[in-house]
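Note that the chains take the letters A, B, C and D in the order they are written out, and that residue 1 is the start of every chain.
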Amino acid sequence: MTTSRLEAFSDGVFAIIITIMVLEFRIPHGHDFAALRPLLPVFLSYILSFILVANYWNNHHHTFQIATKVNGRILWANAHLLFWLSLTPIATIWMGENITYPLPMAVFGGLQLACAFAYLVLSRELLYAHGPESEIGKALGDNQKKELLSLTLYTAGIPLAYLDSRIAFACYFIVAVMWIIPDRRIEKRIQASGGSEEN
Amino acid sequence: MTTSRLEAFSDGVFAIIITIMVLEFRIPHGHDFAALRPLLPVFLSYILSFILVANYWNNHHHTFQIATKVNGRILWANAHLLFWLSLTPIATIWMGENITYPLPMAVFGGLQLACAFAYLVLSRELLYAHGPESEIGKALGDNQKKELLSLTLYTAGIPLAYLDSRIAFACYFIVAVMWIIPDRRIEKRIQASGGSEEN
Amino acid sequence: MTTSRLEAFSDGVFAIIITIMVLEFRIPHGHDFAALRPLLPVFLSYILSFILVANYWNNHHHTFQIATKVNGRILWANAHLLFWLSLTPIATIWMGENITYPLPMAVFGGLQLACAFAYLVLSRELLYAHGPESEIGKALGDNQKKELLSLTLYTAGIPLAYLDSRIAFACYFIVAVMWIIPDRRIEKRIQASGGSEEN
Amino acid sequence: MTTSRLEAFSDGVFAIIITIMVLEFRIPHGHDFAALRPLLPVFLSYILSFILVANYWNNHHHTFQIATKVNGRILWANAHLLFWLSLTPIATIWMGENITYPLPMAVFGGLQLACAFAYLVLSRELLYAHGPESEIGKALGDNQKKELLSLTLYTAGIPLAYLDSRIAFACYFIVAVMWIIPDRRIEKRIQASGGSEEN
């Protein structure tokens, strides 16, 4: 299967991104509850980013299960997605350490917008390479309501961060939760083609 | 095999979690034995966490060897387990640097309780997806004495940390050692189905 | 396939190199635009290095797709390449934090020269092991204009950094962009041998 | 192949160990040659450790290519090896930053002794599981001159560090260089069994 090494490399990057965020946590210097309190907003930001990155991995996993080929453009669209995702850990910690300020909150939204856009570009390239009659074409060619709603919520989060950073955080959180449900369109395709993946 | 990419991603996360703990060690600033002494409790905590994480990897490895399918719920149960495990490195170092204080010791126990619970949820989802008559159903459907004992020891460790942090540490260490022996129930199943895995 | 574990190990190292650069970013201490400004040259350096490392991964991926065997010399040529690449993250951040100074810029160029040279050595070993009549021999035995131009630009960047560090940066950037287009010679070979990889 | 996931996990850990050493390098604060000078002994230590870890990976790769089964004892012997190897990065940097002092040099030797011993234990377990008549039995059952010489050099390095730390460093370096030549015994076995691996 020609997509295997792209998946292996991406898995490595996903695994590192999701794990190194914890490395940026500053280990508390005290040993009582007061020492833990400043970690709370960082911890909340970590939960948000963990779900977001896990969503990308899940969808990547589902999509490449029905992808049958890879070309130079797909390799670069994938690298482009990983580039923006790789910035998520520092954006997460910066937001977490400044949870009440608008700019870090807006920057996080802008970064997630870039990730979502990069994923859309990757989908387009996969669709283009496989054609509309392929399994991936039928799965991805359908409506993209969830993608559009995500882009809208990230975009809304940026100005809303200046109104109240909690509203922006809520917008991002809605996107995270919304994608926990895996892509039904692709699962349907896998089942249709006799795969053993089910939900 | 449809479980392969979930295993690859999990292996990546396990490998990073087990290795980055060392990154949090503060490199001694002196060059004599006195410079090494503060590392000793951190080193002991590292041994404990290394065994605990290696146990999860071993059991994960054994379980997914007889798993034959993956669905959206299993993907999320797995991500949920990795989320709690990913917090182990900082909890380890915080405990190691404050080995005589109750709170870091209790927090470590609470975190391990969350990991153990998340593993139980993952097992349930695997059992539910494969059915009681599958290989995995027969292996996991048996008694769960070790799981219950682990949960009990972690739970006991939390209040005991306030009595004497060494007692709590001993509780966690018993769990770690207890799981070094791999899951006989699953090894039996692998052998029964003609696999070449033996103990 | 005997090249699979070398690829898996290399993928791991590539994935880590490309991701840990972000770990070296110092998280801004403020929460306004002024706090972000010092990150800008580091961010530019990160883009450059991300593309350079992604190029190496892409070419490595393409080359090993048509490689059919691995020997001790190839293992070491590969480790030699990874050694120099592993120094890229700190060279990147040092350059980014001292973007107007000649030495960090020249050191970065020297390091990239070492990486390019190491890749050339790896190609030679692969060519030698497979013979000129193999797929890999036909692909790599052709002209090496791009390799020579890269070596020239890196070499030129070192003294030019002392003239103006921006000229050196531009030289390195040209190499990065030049290699975004994947290796046509190898893609042709994959297609000729009936692979499903296309561009 | 039942060894594949053990290899994948080990590859991940090897890749991280070999790469994170660089993360511990303190990025120079100046921008001239004086800023680079303190990095020189750390860099030398890095070269040494990079070769040592790459040697373990190479031998691990060669050995598991002819291994056909894995059991609980082998899993733990492997985890035991990875435990000691995971301490190599901090021992390397501590040695590099205190290159003229005996204790960090002796500790590094002691750690490498532990790694070498752990590798020997892993070999024994593999030999025991496969039997003396297996491919792995024939390869590992032969003489172990190189292993003994390595153990001797590491052991000698510990007291010699107190005489002159450079002598100890030289001892370790001899081991590193000695193992660059891959395991002929195993390569012979792979060729004998018709594998395409050659040297």
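FYI, contacts are C-beta pairs under 8 Å (C-beta built on N, C-alpha and C of every residue); 3 or more make two chains touch, one makes a residue touch a chain.
This is a predicted model, so every value here is computed, not measured.
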Copies chain A and chain C - rotation angle from C-alpha fit, nearest 5 degrees: 90
If I list every residue number at the interface of chain B and chain D, are over half of them used by both copies, so same, or under half, so different? different
Just curious, how far off is chain D from chain B if you go by their C-alpha centres, in Å? 26
For the pair chain B and chain C, the C-alpha centroid-to-centroid distance in angstrom is 37
Residues in chain C with touches to at least two other chains are numbered 8, 12, 15-16, 20, 23
Can you check the complex and tell me which residues of chain D touch chain B? 2, 5-6, 8-9, 12-13, 15-17, 20, 23-24, 68-73, 75-76, 79, 82-83, 86-87, 89-90, 93-94, 97-98, 101, 103-104, 107, 129
Chain B - residues contacting chain D, complex: 7-8, 11-12, 14-16, 18-20, 22-23, 25, 27-28, 31-33, 36, 47, 50, 54, 57-58, 61, 65, 180-182, 187, 195-199
